[in-house]
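Next come two complexes built around chain A: one with chain B, the other with chain C.
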Partner chain A sequence: MSRCGLFLRRAAAAGRACRALVAFTASRRPLRTSPQSRAFAKELCLGKIEKNGVFPFPEVSQDELNEINQLVKPVEKFFIEEVDPQKIDREGKIPDDTLEKLKSLGLFGMQIPEEYGGLGLSNTMYARLGETISLDGSITVTLTGHQAIGLKGIILVGTEEQKAKYLPKLASGEHIAAFCLTEPGSGSDAASIQTRATLSEDKKHYILNGCKVWITNGGLASIFTVFARTEVADSDGSVKDKITAFIVERDFGGITNGKPEDKLGLRGSNTCEVHFENTKVPIQNVLGEVGGGFKLAMNILNSGRFSMGSIVAGMIKKLIELTAEYACTRKQFNRKLSEFGLIQEKFALMAQKAYVMESMAYLTAGMLDQPGVPDCSIEAAMVKVFSSEGAWQCVSEALQILGGLGYMTDYPYERMLRDARILLIFEGTNEILRLFIALTGLRHAGRILTGKMNELKWGNVGVAMGIIGQKLRDALCQTVNMGLTGKLGLVHPSLEDSATKLEQNVYYFGRTVESLLHRFGKSIVDEQLVLKRVANILINMYGMTAVLSRASRSIRTGLRDHDQEILLANMFCVEAYFQNLFSLSQLEKNAPENLDKQTKKIAQQILEKRAYICAHPLDRMS
Partner chain B sequence: DPGQGGPASSRSLWSPWRLLPCEPWPLPQEPLTLPSPPAEQIRVKPDKTGVVTDGVKHSMNPFCEIAVEEAVRLKEKKLVKEVIAVSCGPVQCQETIRTALAMGADRGIHVEVPAAEADRVGPLQVARVLAKLAEREKVDLVLLGKQAIDDDCNQTGQMTAGLLDWPQGTFASQVTLEGAKLKVEREIDGGLETLRLKLPAVVTTDLRLNEPRYATLPNIMKAKKKKIEVIKASDLGVDLSSKLTVVSVEDPPQRTAGVKVETTEDLVAKLKEVGRI
Partner chain C sequence: MSRVRAVLLVRSLARGHAALLGAPFSQVPHLAPRSLHCNSAHRTSEKSVVPHPPEPGKKPVKVPVPYEDLFQLAPGGTRDKASFMKALQSFGQHNVRKRGHVDFIYFALQKMPEYGVERDLAAYNLLLDVFPKEVFRPRNFIHTLFFHYLLQQDCGVAVLHQMESNGVMPNKETEFLLLQIFGRQSYPMLKYMRMHLWFTRFLNINPFPVPRDLPQDAVELATLGLQHMEPDLSARVTVYQRPLPDDKTDPGDPTKPHIVGIQSPDQQEALARHNPARPLFVEGPFSLWLRNKCVYYHILRADLLPPEEQEVEEIPEEWNLYYPMKLDLDYARSGWDDYEFDIDEVEEGPVLAMCVAGAHDQETLAKWIQGLQETNPALARIPVVFRLAASTGELLTASGPEDLRQSQREEDDDHLQRQQQGQS
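Our next item is the complex of A and B:
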């Protein structure tokens, strides 16, 4: 399962840029042919809400909506009538005829352009279908392993010849694809992979050697996107080792699989080792630029990540139905379970998580569907972290409602729990993604702030006035207004209080970011516990923005049950607000709430002895 | 006139027939037909005029799916030239027609009825519409589901045949073309009955006729290009007024507890007591 995207090397690169609090001028600005959209999350780190991308909540036309609903129907029908998740889990295999039907339904080519035989779905439509296929985890991961990562590279950077050659058979499912990045020694640290591709004597082939591990569809695939080290001659004549991506056909020879891994969950999905021994790959099969493989791998992973939000939301919505049926019929102490507060709390949690996840996922999908090439990598990462942890929590709580029955294999809960656990690990572990979220945002803030510092040095009066004005405002404790509330506010009045809380959080956060950058400078890269809090605050704020945007639209357009949306949105915003305040106070200099020093000391002592070191409670001094 | 005779070698298998499978307007999903966990609960409207349909997912009547499938199969066997899918009802019908198009129908006709009046459109009204359409489009075969699973009337097909004065083969479990005649095998209480109908004819489909295909996503995308004509009943000169009014719709009575008895004498005594005998 080669899903681990993020790496500390990239984080380190971000950190290096971050250090440029003093000298900014030397760094290269990448050339962009399209205007760089001001990504929402990055601006949050400057204490600003970039409203354009997120208000109003993205909409699709009625025609598109009808089309999406049309597409969902047969898929839903198929999954309800013909897919048996319990059997798939028990037998460790997706039945052949189920796989055939999935192919004929067209589910293997959802995002492949129509001219190559696919459905050419937008990100929003893809997210919507994701909700439906989530009914079985093994099928979901087989399909996403194939198209969201396995063949995505060909769509993103493939040449016309490559697309015409490979995409049609991949769209029909005749060929299945797999994404081969992870190796035994390189998981999160993907840039350290050792698989090597050497140019042959006649310069017509690359010879591929190496071992990839945990590859989804590894045993089924006939087309692999493989990442390997290649020697690249730099412009100044020096030879560097860079990663290149290749389209590798099983027919090229030298490819063997290990046996299918015995996993905790997603047992119906095929995961195995893939070995390449002197595999000859024609140079026409280089995917993208030679030496550009790393960046491609990151782009591929970024592009599919947001759909986890809708996939998990679909799963939780089904979970609520299943569990409510039980809670409303089972009686204990002569009352239905649904009458007890502790049970009701769990349903409210599930509904809230599903609501936030959906809102974040479709907001991100809507942003990605904008023309141009918007960079929503942080937003997608935030969706992934929130949904994976939400899924684990919700399935666990649902299982709890069933009590002992939830623990039994006759019921689907234990299987769903096992299937959900991997969500926090693959596609970039949540730890790595938190670092990515925090550092990318901080790097952006660092760059802008350095720019301001330079302007100040060069005597830019406007900037100086801005900074002074801000300090004055802080000193006078004026209220914050970022345009979300009030007469011309973007947020509906019934959500005004929550919007104000968001604005306050954002402002306070912006100031905190500045002080963090001043305090740590370049060494912030290593302050993982600080970065974790920064990421958590960002994720919460993105969630708050998404629900406020969505709920405002629902109220204004008069969608049914929008009063429950108001409740859910406000509830989430209040909780997130207070969580953020606590994180922000922990981030202040010498904060008593911050126990990081103690945490590190304890960990250090344990890891030195590789054991729990305290004396036993019964021990005596002899 | 199709299939005019002549030596077998020169007779084409491909007769220029049009086919008109129809479905009534979309219905609420019946919880019993779906094996999966909680589908919508059917609820009676507080004013007792009917069942709550707001916010309930609607889909093609299962027997009509079978009719569409049969029509598409006949076309695939090149026995029919064109399949037209028809639906009579509010605007949501177009989704159902699109599903039929995705299954393989060539074009659709939506006879639009405003949502407010849709409740009063019953089998007779729909039959009038279908009869007029069958004449207008000069079809050779009208295929319908045997009954709609929301009202279980089982009348539309028969009434349509009556209005057109065409032969009918209802509860079909097998349909075979034999020259200019249609052989229809019907499921009846006593077993199976086989009829031969002269075309044009009306056939209603039963459960075991076929297993409808899934509308695959690529076919749904292709169906976007197929045409749906939207017309009103008045365009066909059809009067949708009904002589029936719904007096009340109620939940069936809750099942009450039973009583166990020891002997036959007790049973007879109890039945007399409750006034049953």
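Our next item is the complex of A and C:
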């Protein structure tokens, strides 16, 4: 096995040379192109499609592709032949020899730069490898807990010394990392973090005290990224509590674990409480700036999300294989299950979801791999929301195909269902991420539109007339053309209809955002139901763009089975288009489709009584 | 209005007619000289649904009440539903032709609370069953028009009225009985229909329902009252002092009134944040009516902070790890989308706790404050001022309870008048 690991390293080293070349050309790219491409999702909120970086679909070079394939093959083989997810789930623990092999495969250092002994994978390659490791949920979570969040802080803001000290051992898997942010009283509310680090009298140490809960790898880890309050002197001399990140080794002492939590799914991964009691942390171990923990935590959380798309896509592809085999062999009424329309529909759905989330994930990974530091946090969040919900839906549909068999613990399906449920919750619940997506987009649009809004508020006749004129033109069936279609369009003609639908959606979404900002202004932060719809539309539009871009590329380069891609892309675009139209009409003022008021009232009445308040249907007055 | 007058005219005519006819139509065979007029007087005075206890002040001339013997208890018997039913049955046995049933029914109505059956539908149905069937049904439209057997109809209405006052919903059996006795076109039937209509609409109209049978125990009643007032469901009720059981009370021992308090977590938090330089006030007693019982409560409250001392809650910059909590845009909701009414709201100081105590003196309430200090350590540092009203705020009349009763009776008559006008 160690030979295999060695082989991987060598493969990675081979790739290094060519990547250096790529990096060289990449570093020159900004000189040639117009100013750095603006974030795609933010431009959507203004009713524009930012084509740079999205069309054409990002590609990897042949060398990189070979490198990835060389990496993936042994990992895939290992997962298929030697990992027993059933056993891991039943025993609630990943066996030690499996962990050892994962380490020797180098999977604990996928994104750690090569100079520190990691594989130094780009985001795209990381996503590709994620597809393979998704075959077991517990291992996936252990690995992502280790590197997507646990040690990400060191890569992002660590000093040279910190990197040199910790990364090699983390890359080899000798040390496992954990990310300690959540507390009993603090989920997404950073202001209620209670863990405190106080500077010792000799000013060489911080004394860390507090309790962190639900820490992935909490029991295995020897390196912790811990967020705690520290007193920071402000520029004006006042002392304030601010959050600071620390690298804490288990050897610093005073660290204890609670017992591993018993969970619904991902039972093989280790999740437990971690207590810090007078742990002495040297000041060299402050991660980033003192008081800069909040931003760091946000960055780490934002950067880790995009990989869920490919991980889930990998899982669904596997699921399709398993259920297709069942549907093609099981017979009822002398017909195979696969002949029934209702079963076929489910396969189409699963394929569509997998296709869309794959496209979104690799598009985002490609954007992230662009030179510079592109801010793709909205796109990553959209991938996370779409893929987690798709996963839940697909696994549930797969269970429908399997009938009672899916419910039995002898088969892997119920485990997949249990494992998939957490995807909607962790790394920011989907509700919170929807708010993030919508608010970040609206903030961008709001800033740019400030001038126009103020003119409107002051009753500038010219601006108002302009808007009225625009509405008139919209009403008179003005066709929207954003340059996606046409003779030299970016989208292949067989997807032309879908591209026009996307353009229409984007255009009217821009109008809607304008009117929303005009109506609600900054108080839109409190209109969560409105924000949810805005986020849904954005996610759909991003999905449409991703599939259009990918399918166009597939057709033009002549990939195999691209006719299926056309079908899937068109199907998704039509569905998303009508969903968007409905959402847009709900966002109009006084729309009859909009039942927000009633929804709120019902909820308020129930929450006041804290119970379901309707009388029983069998109740009588006399 | 003219119609009302016509109705009243017809009524008096009917009465006079009956008086003229005299004894043969009398419903009271034992007391022939009292005749119908007397009878009707008896009716109006007994019309009140509230049973009057014997009045100690003025001693009325002892008039033997008819049918009292039917309600005489056998030695060792208790007044309960069974004995009431038995009394009703014995009327039927005692009087096959059901003579004097109107008087009997009025009398039984009056007796119902004593037997504890004033909320029992079966008892009312049995009482209605005393009426002879088919006799009072109007046979033609003229009967319907001119109050066929007015006395009996009034009596039927009185039964229904008492049901209404006690919140008893008539059922199909009641309807069937009324149909048999008075027919569809009659006042009792009309009353029944109205009850059926309005009861269903009013029964659950109170969004804060009070249980029908209130607890007898003072502590439980206090708990109920406090929970009734407190909007926060996570508020906790604490019994700071239990009253001494009756049998153990020593005459030398000082009395130990009950003290029950309620406080919600939010109130506790507000109390912990309270500035110790500003005093708190215990105020009361205030009254709370739970059906026919009154509970007096006290509140612990603070004064509203002057605007210069109110802390403006600022949104911390680093608060939400996931999404922006505020947008830094300089335009807010447009006037066209502001559906809030312009309401002048008077802000009051916060209420920090409530209690119901058996006594309204400072000594008792100080014990409550002491008890509160256990869960609210901050309270020990805050001065508490007792601002207790001398009286409970209850309506006290100089002449005692009789005037009250008198006024009540007038009210009842008034009510009757209105009811008749409403019917016509």
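The criterion applied here is as follows: the second predicted complex is superposed on the first by the 557 of 622 C-alpha atoms of A that agree within 3 Å, B and C clash if a C-alpha of one lies under 4 Å from a C-alpha of the other, contacts with A are read in each partner's own complex, and residues count from 1 in each chain.
Just so it is clear, a residue touches a chain if its C-beta (ideal position, glycine included) is under 8 Å from a C-beta of that chain, and two chains touch if they have at least 3 such contacts.
Since this is a predicted model, take the numbers as computed values, not measurements.
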| item | value |
| --- | --- |
| Combined model on chain A where chain B meets chain C, clash or fit | fit |
| Which superposed partner A:G288 touches (first chain B, second chain C, both, neither) | neither |
| Chain B versus chain C as contact partner of A:G130, first or second or both or neither | neither |
| Partner chain in contact with A:R519 - chain B first, chain C second, else both or neither | second |
| First, second, both or neither for A:E114, with chain B first and chain C second | first |
| First (chain B), second (chain C), both or neither touched by A:G543 | neither |
| Which of chain B and chain C A:N69 touches, first, second, both or neither | first |
| Chain C versus chain B, contacts on chain A by residue | C |
| First (chain B), second (chain C), both or neither touched by A:R560 | first |
| Superposition-derived minimum Cα distance between chain C and chain B (Å) | 35 |
| Complex interface listing, chain B residues touching chain A | 34-38, 55, 59, 95, 98-99, 102, 214-218, 220-221, 224 |
| In the complex, chain A residues that touch chain B | 66-67, 69-71, 73-75, 77-78, 80-81, 101, 104-107, 110, 114, 117, 119, 318, 321-322, 324-325, 560 |
| Residue ranges of chain A touching chain C (in the complex, touch as defined) | 181, 188-191, 242-243, 294, 297-298, 301, 428, 432-433, 435-436, 439-440, 442-443, 446-447, 450, 453-454, 457, 517-525, 589, 609-610, 621-622 |
| Contacting residues of chain C [partner chain A, same complex] | 169-171, 199-200, 203, 233, 316, 318-334, 336-337 |
